[in-house]
Amino acid sequence: MQTLWRRQRWWLTPTLLIAPAILLFSVVILLSAVRSVWISLHEWDGFGPMVWVGLGNYVELYSDPQFYVSLKNNLIWLVMFMAAPPIGLAIALLVNQKIAGMRFLKSLFFIPLVLASVTVGVVFTWVYTPEFGLLALIFRAFGATAPAVLSDEHFVTFAIVIAALWPQVTFCMVLYLAGLNNLSEELIGAGRVDGARGWNMLWHIVLPQLTQVTFIAIAVTVVGALRSFDMVSVMTSGGPFGSSSVLAYQMFEQSIFSYRFGYGAAIASVLFVIMAVFIVWYLSRIIRTEERGG
Amino acid sequence: MYPRPIPETAVWQRRIYLLAVVVVLILWLCPLFAIILTSFRTTEDVMGGNLWGWPTGIGVIDNYTDVFTQTPMARYFLNSLIITIPSVIGVLVMSTLAGYVLSRYRFRGNMLIFALFVGGNFLPHQIMMIPVRDLMVQLDLIDTTAALIIFHVAFQTGFATLFMRNFIAALPDELFQAARAEGASPFQTLVHVAIPLVRPALAALAILIFTFIWNDYFWAVVLTVSDSVKPVTAGLANLRGEWVSAWNLISAGTIVVAVPPVVMFFLMQRHFIAGLTMGAVKG
Amino acid sequence: MTSLELREINKNYGAYHALRGIDLSVAQGEFIVMVGPSGCGKSTLLKSIAGLEQISSGQILINGRDVSRQEPGDRGIAMVFQSYALYPHMTVAENMGFGLRMAKRPKAEIEAAVARAAKILRITDQLDKRPKQLSGGQRQRVAIGRAITRSPEVFLFDEPLSNLDAALRTQMRVELSSLHAELGATMVYVTHDQVEAMTMASRIVVLNQGVIEQVGSPLELYRNPDNLFVAGFLGAPRMNFLGVTVDAVSGRNVTVSAPGLVPVTVELAEAAALPKGAGLTLGVRPENISMVADGGEGGAIHGQVRLVEHLGRETILYVDAGNLRTIASESGTGNITVQLSYVAPFGPEQNVALKLDARELYLFSSDGGRTLSARKTILDR
Amino acid sequence: AVGSFPIPAIAEAQEVTMISDENNAAALDALRAIAAGFSKEASVKVVINNMDHEAHKTAIRNYLVAGAPDVCSWFSGNRMRAFVKRGLFDDISDLVEKEKYKDVLGATIGAVTEDGKQYGLPTGGTLWGMFYRKDVFEQYGLTVPKTAEEFLAYGDKCKAAGITPVAMGTKELWPAAGWFDQMNLRINGLDKHMALMNGEMSYLDPALTPVFDQWEAMISKGFFTPNHTSFGWQEAAALLAQKKAGMMNLGAFLRSAFTEADLPQLAYATFPVLDAKVGHFEEFSVNSIHIPAKAKNKQGAREFLAYFYRPENLATYLEPGGNVPPRNDLPASKDPLVNIAVETMKTVQGTSQYYDRDSDPDMAQAGLVGFQEFMAKPDRRKAILTRLEGTRKRIYKI
Amino acid sequence: MTSLELREINKNYGAYHALRGIDLSVAQGEFIVMVGPSGCGKSTLLKSIAGLEQISSGQILINGRDVSRQEPGDRGIAMVFQSYALYPHMTVAENMGFGLRMAKRPKAEIEAAVARAAKILRITDQLDKRPKQLSGGQRQRVAIGRAITRSPEVFLFDEPLSNLDAALRTQMRVELSSLHAELGATMVYVTHDQVEAMTMASRIVVLNQGVIEQVGSPLELYRNPDNLFVAGFLGAPRMNFLGVTVDAVSGRNVTVSAPGLVPVTVELAEAAALPKGAGLTLGVRPENISMVADGGEGGAIHGQVRLVEHLGRETILYVDAGNLRTIASESGTGNITVQLSYVAPFGPEQNVALKLDARELYLFSSDGGRTLSARKTILDR
C-alpha cells in the first residue's frame, strides 16, 4: 500500500488535489451551463413543460434587432472597460508606499468595490440626473446645460460604463496591489542601473513582471464587461427603450420578465460563444508568455 | 518595491505625498460622499431632490436605527457571516489546490481543465438560475445556507483558480525543484513553499472573494426564502419598496453592509509583503 | 559496489541535444568531479540524475535500483543548485532543516544536524537571517548546508564553492572531502576550479557538448589526456598547442617541426605510419617551458614577451612567437603562454628564447585531436 | 383549533410560513402583529419572511416550484393566472365559499378568479389617477381638466406659467404604460383595452390610432417632463412636490414624495375624459395573497388567511400603505386620499389592473419598452407598433 | 584625474554595520579589484556605488560629481550583479541592449554593440534564447554583456567570472583587460579568484568586515602586506602562521623560535624594543618552504606528511609539525602547508624536514597582527 502510494504519488497527488475543485465545479457550474444550452433549444417559461424548438430561438435571435443593440453595447463595454486595468494599476502604484496612514487610505480606495451595485448605480444616476445631478451642477457652474446622458440613446451606455468602471477599477487595483508585492527587487535594481525610469521602468521592467496579474485583470475586466448586468438594470433597465441593454441584461429580461427561458438561454449561449473566442485567445497568450519564461 | 519608497527621512515629501493621495482619494470617492450625505438626510430631503447639497435636516440616527429595526439586519449579518466565511475558506482551499496543480504539473488536459475554470467564470450567472435551483432541490438543500455556500464555492472557484494558478506559476521553478529534491511531497511543497510565497495573492483573493460573496444578492434570492438564512444584502434590498425607495435608508444600509469587507481589506493588508521571493535564486 | 550508474542518457531541449549517450558507472563512495566548458550540460546531467529533468532516453540506477521514473525525493539524493534555490521565506536554519522536517525527523535531530552543518560552513551566526539578507557566498553556503544536513546516499553538487573566497574555499574543500570520507557517500561534483577538480576527485569526468570526453583519475587526465580537448581543458594556464609537420619517423619516435620551431622528437604511444609532412598538433604545458634571455642556448622557439602577469611568486608570460602557428590559443595571435615558478626578470618587448621540456611534449592527431604521444608516467603516491 | 399535544415534530408541521413582499415598515409590523395574534389564537406559529419587491418577482418562480411557503403575496390578474395555469397556486374557492367573501368583495373578486375558481384573496388596491398640488393650482389659477380640451388648455397654461404640465419619469418603464392604459381606457373603453391586453387585438388596430394621436400631440406640445427616461418616478414625483410640475399620473403612494407638511396639499383627480361616449373605467391594481399548490400546511394556511382577512385585521394592515381596501365592510380610513379612492371606486364601471399586470409578461415587457420609446421618440410610432404587433403574434402564435 | 571617490561610506542594515568608513579614491582608468572574505561587504559596497543601496552616511563622487543622491541610471555606471538579475522576459539580445535602448540609441548602434559583446563573450548563438534556457555560465556572460554594451564611465563587476570554466575565464580575463585598456573606463571588480586579482588589478582593495584593510598594487600587497589578515588572504594556499617568541633582538634583526622550530632571524622594518619572550606570529608562504626527506640537513621544522594533493605539476603537502603552534590554520591541528612546484616524491605518513626561505619570512605583532618585518623588494617590470 505504502509503496503503491509512493510509486503512484506523482500522478495521484495532483489528481487528488484538483479533484474537489473539478468535481464541485463540474457538478454545479458546468452541468448548469450544459443544461442552459439544452434549455436554449426549447421554448420554456421556467416551470411548465419544455417545448422543443430546435434552433428556433437562435433563428429568432438572428433577426432580433434588440440583440444587435445589446451586442453593440457589449462591445462598447468591452472597449471602455479596458481602461480599468491601467487605472487600477495607476491607483495601486499611487498607494503602494509605506507611509503611516497609507494602509487606512488604501482601505478607503477599496470602498467602491464593496458598495452594493444597486447603490453604485443609484449614485451615478444622481450624478447624471438632469437639473439636480452632479453633472448638471458642474455644467451649471460653467453656465452650460448638461446633456441628459441617461436619456440619450447614444450616450447612455457610455454613462453606465463609467459608473461600472468605478468598482471595476477598484477590483483591478486590488489585483495589482497583490502583484506589486511580488516584484523582484533585483530586476528593478538592474533596470535602474540600465537607466530605466518612470514610464520605461514601468513598461519594460515592472509590467513584464506583472503579466500574470495583468492576465487576471484582463480576464476579470472582460468577464465584467460581458457579464455586465447590475448597472444596466439599476440605472436604466436597459433604457431608454432598450438602447442601453446588454446581452446579459437582455437575457435576464427575457428570462425573468418575459418568462422566456429558452430564448434567454439562447442569448447566454451566444454570449458564451463570444467568450469562448476570447478564452481561446487568452489561454494561448498565457501559454506563450509562460514559455518565454516571463 | 515599486514605485520607489519615499525615504523615511524625507518627512516633508512623505507628508505632501500623503496629502496628494488624500486629494485623489477625495475625488475618487466623490460618489461615496453622496451616499454618506444621503444616509444623513431625512426622507423629505431625499424626496425634495436634494442629492448633492448639504442635508437640510439630519436623520442620521433615525436612518441607521431604521436599518436595523425595519429589517432583521442583525440576523442577516449573522447569516452573511455564516455563509461568507466558510465559502471564502472553501474557495481559497480549492482554488489553491487546483491552481497549484494546474501551474506546476504538465499533463494532458491541463489547459483544457484550466480553460473550463476560466470559461465557467465567464458564464452570465443568471442563466444558471434554474439548473442550480434544481440541483439544490435534488440535494435537498434549498433554503439553507449550505446551498449558498456550495454554490459560491463552486462558482468563485473558477475565478480563484485562475488567480492562484497564475500567481503560483510566477514563482521560480527552482524552488519547487529544490523541494522535490529534498523529498517534500507535492502537498508538503504546496504548504511549505508555494503558499507562504503567494501570501499577498491569497490575501488579495480572500478580500475579493469575501466581497463578492458578501455582496451577492441574486443567489440569495434564488436559493433561499427564509429570513433565518438570508444574507445581509437581503436586508438592504428590503429597504427598497415596490414603488417607494427610501434612499436615505438604503444609503445608510449600504454603508453598514460595506463595513465588514472594508475592515477585512484593512486587516488583510498585513499580508501584502513586498519582496517575498527575494534572494531565492540566481538568474 | 556500484552506487550510481548512468546508461545511455540522452536529453533534448526541443531541438537542442543537451546530453548525448552519457554512460557512467560510479562506485560506492567515489568522488566524481565533473568538468567541462560552460553550457556543456553539467547542470543538466546533475538535474537528470536528481530526477528534476525528465531524461529523453536512457536509464539511471542508484544502488542498483532503476530510479529513472522515481520521484527525486525517493532517489536518496541531495543536490546543491547552481542557482542556490533557497526558500526565501524561511530562515537559514529552516532552509537547512527543511528536508529533514519533510522526512518528519524529530526536532532535536534536525537542530543538531543544522547546527553541525552551520558550524562546518561558518554560518552559525547567520542562522536566523533570511536569504535576502545574505551575501552571495553565504547563500551558497546555505545551499550546501541544505544538502549536507540530509546525509543522502548520493550528493550532487553544482559549482558549490564558486562564490567563496580562496581561504574559505580551501577550507570547504577539505571539509567536503572529510565529510565524504566520513559519510562514505557518493558525490558528484561540478566545478570549474582546477584545484578542486585535481584535489577532490577520485575520478574526473570531462564533459564537452553533452558528450563524455574522458573519465579518469585527476593525474591520469592531467598526464595522459585522451585527446586535445581534455589536454586543453585541464591545467591552467592551458596547454600550448602548436601546428607542426612530421619531419621523420623512426620506430616510436617522431620528429616534428614548424617554421619558427626547432625540430623536436616525441615518443609515440605506438609505432605508426605517419607520412612525412603530415600535419599534427604539438602540445606543451606552460609550466614545461623555460625561458632564457635571447641568445641563450637551447631555445626551441624565439619570440618577444607580450605580457607579464605576476601572481606573487609565479609569473605568467605571454610570448609572441612570430610566425609560429598556434592552435585555439586564447587570443588567436600566435601567443605562447609560459608559466614560471619564480619571479621572472622579463619585461614586455623583451626578446626571449623558449626551451621545451622534451619529456613533457604531447602530440595530437589533427583529425579529432587524438593523443598520439606516449603515456607519461604518473608518480605513485 | 389544534390538537392538544404540542409534539415538536407536529408543531413543526403545524407551522405556517408566509413570504410577503411588504416594503412599508408599518404595514409589515401590522402583518407581523396579525401573525402573532393568529399564533396566539390558534397556537400555530406563523413565520413571516419578507422580501423586497423586485427580488420577490424572481424568487417566487423558484419557491413555488421548490420550497414553497404556505402563504405568499403576489398580484392578482394576469400575473396570478400565469401561475394558476401551471398549477402552482392552490384553489381556495372552498375558503371563499365558507367565509362568504363574495359578498364583501364585489368586483375585485374577479381579479383572483380563473375559470370560476378563486386562487387568492385580494389584499389592497392602488387606484391610479392624476395627482396635483392644490396650492400650485391656486397659485397659477389652474383647474382640474375634465375633458380632452380642458386638458390641452391646462397644459398650455402650465407651459405659459413655466411649469411642466405632467410630471413623468419613465426610467422604470411602467409609468409610460400607465399613461397608455389611462388613455386607452378613456378612448377605447375597458373591453377593447382588455382585448388588447389579452392579445386578442392587434397593436396596429385603427382603434388605437386616436390614442397615439392624442398622446403624440401632448408629447409634441412638451406636456411631459423633458428627458423623462432619466428619471425614476420618484424623481418625477419630487418635481410635483417641488411645484415644478402640475400633475402626475400615479397611485396614492405618490404621497411618499411629499413632506408631512405638504401632504394636505396633495389632491386626486380622475384622468380626464377623452371621449364622453366611453364609460368610466379606472386602472386599479390589486395585490393579493395566495396559497401555493406545494404548501405543506394548506389547512393552517387557510385558517391564517381567514384570520388575516378579518375586517379589523385587514384594515390595520392596509392603513399604513394607503391602499384601497378590497372589502367593502372596512371602517373608513384616516387617509382622505384612500377615502376618495373608495368613493371613486363606487362609481367606476370596471377596472383594469395595469398594463404589465394585465398582459402576458412577455408582451408586457415589450410593451413597456415600446411606450417608453414612443414617449421619447413619437415619430417612431409605426415601427414601435409594428414591433409590438410582431411580439404579440409570436406570443399568441398568430 | 579622480574618477571615483568614496568618502567615509557607512552602511547599516538595521543593527548590522556592513560598511565602516570606507575611503577610497580611484583614478580615471584604474582597475580596482576588491577582495575579501565572503560576507565582508563587497557586494554592498558595489551596490552603494551603483546607488542601489542607500548609504547610511558618506559621499560618493564620480568624476567629481557628488552622486550620492543620484539615480543609478544617472551615475554613468554599469554593473554586473552577483545574482545576474537578468530580465527573464527578454531575450539575451534584448537583455544586453536594454541599457542602450533606454538611452535612446539608434537601433543599428544597439545591434552592433550587442553583437560585439556577444562575440567577446561567445554567446552569439544564444542571442535569441531567454535566460531560463541558459546554463549558469551563459547567464553570467549575459550579465557581463549587459554591462559592457553600455560602455559607461565606471564598471562595477561582482564576481563576474565565478561560473566560467578555467579556459573561458582566462580568456574573459584577457578580454576584460583589453576592454579596459580600450575604453579607458574605470573598473571596480570583485573577485575571489587570486589569479584574477593579481593579474587584472591596478590596485587591489582588501576588505574585511566592512573595513578596508589595505589598498595597493597586487605585488605590493603580496609582498608587503600591512597585516596578518592581508598576508593570509592573498596567496593560495595561504601563508602559514606560526606562534613564536622573541629570543633576541639585535638592531633591526630579531631572532624568534618556538618549540619545534629552530630559531630563525628576521629583519624588522624598524628597530623596535621587542622584549625577550614576547609572543609574535611568524608567517611563511607555502611556496617558500622546501622539503627534504627527514634527516636531510637545514630543516627548521620536522613533521610528518598528512596529505598530498597533486595538481598536475605542483604538489601541495599538508605536514603535521607536531607540537608547533600554528595560528588560524585551516583545520586547526598544527598543519603546515607546503607548495612544491614539482611532482613531489613524498607520501603520507612520511617524516620530513621543512626548510624556510629566510628572506621570505614575515613577522606580525600578536596584537592586531601588524606586520613588523622589513619590506620585501618587488621586482620592477
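Just so it is clear, A, B, C, D and E label the chains in written order, and each chain counts residues from 1 on its own.
Here is the rule we go by: a contact is a pair of C-beta atoms (placed from the backbone, for glycine too) under 8 Å apart; a residue touches a chain by one contact, two chains touch by 3 or more.
For clarity, every value in this text was computed on a predicted model and none was experimentally measured.
A.B. asks: I need the common contact partners of chain C and chain E, sorted by label.
C.D. replies: Touching chain C as well as chain E, we find A, B.
A.B. asks: Which chain maximises the distance between its CA centroid and that of chain C?
C.D. replies: So the farthest one, by centre of C-alpha atoms, is D.
A.B. asks: With contacts counted as defined, which of the two, B-D or B-E, has more C-beta pairs across the interface?
C.D. replies: Ranking B-D and B-E by C-beta contacts puts B-D first.
A.B. asks: From the mean C-alpha coordinate of chain B to that of chain C, what's the distance rounded to whole Å?
C.D. replies: The answer is 57 Å.
A.B. asks: At what distance in angstrom does the C-alpha mean of chain E lie from that of chain A?
C.D. replies: Computed value for the inter-centroid distance: 59 Å.
A.B. asks: Would you mind pulling out the distance in Å between where the CA atoms of chain A average out and where those of chain B do?
C.D. replies: The mean C-alpha positions of chain A and chain B differ by 14 Å.
A.B. asks: What whole-number Å value describes the gap between the mean CA coordinates of chain A and chain D?
C.D. replies: One centre to the other, that is 37 Å.
A.B. asks: By the touch rule stated above, which residues of chain A touch at least two different other chains?
C.D. replies: 9, 46, 129, 132, 184, 186, 209, 256
A.B. asks: Two-or-more-chain contact residues of chain E, please, as numbers and ranges.
C.D. replies: 82-83, 85-86, 88, 131-133, 136
A.B. asks: Indicate the residues of chain B shared as contacts by at least two other chains.
C.D. replies: Within chain B, the residues that touch at least two other chains are 49, 129, 185, 217, 237, 240, 275-278, 281-283.
A.B. asks: Give every touching pair of chains, nothing left out.
C.D. replies: According to the stated criterion, the contacting chain pairs are A-B, A-C, A-D, A-E, B-C, B-D, B-E, C-E.
A.B. asks: For chain E, which residues count as touching chain A in their complex?
C.D. replies: For this pair, the touching residues of chain E are 47, 50-52, 71-74, 77-79, 81, 83, 85-90, 98-99, 102-103, 130-133, 146, 150.
A.B. asks: Hey, which residues of chain B end up touching chain D in the complex?
C.D. replies: Checking each residue of chain B against chain D gives 43-44, 47-49, 66, 69-71, 129, 133-134, 136-137, 142-143, 217-218, 221-223, 225-227, 230, 234, 237-245.
A.B. asks: Quick one: in the complex, what on chain B touches chain C?
C.D. replies: Residues 172, 174-175, 177-185, 188, 192-193, 196-197, 275-283 of chain B touch chain C in their complex.
A.B. asks: Where on chain E is chain C touching in the complex?
C.D. replies: Chain E residues touching chain C: 13, 35-40, 42-44, 82-83, 133-138, 141, 158-159, 162-171, 174, 192-195, 198-199, 218-219, 222-223, 232-238, 285, 287-288, 308-313, 316, 330-331, 341, 343, 345, 347-348, 379, 381.
A.B. asks: Spell out the residues on chain B that touch chain A in their complex, using ranges where they run on.
C.D. replies: By the definition above, chain B touches chain A via 1-3, 5-6, 14, 17-18, 21-22, 24-25, 28-32, 34-35, 49-52, 94-95, 97-98, 100-102, 105, 107, 111, 113-132, 135, 150-151, 153-155, 157-159, 161-163, 166-167, 169-170, 185-187, 190, 200-201, 203-205, 207-208, 211, 214-215, 217, 233, 236-237, 240, 247, 250-251, 254, 257-258, 261-263, 265-266, 269, 272-278.
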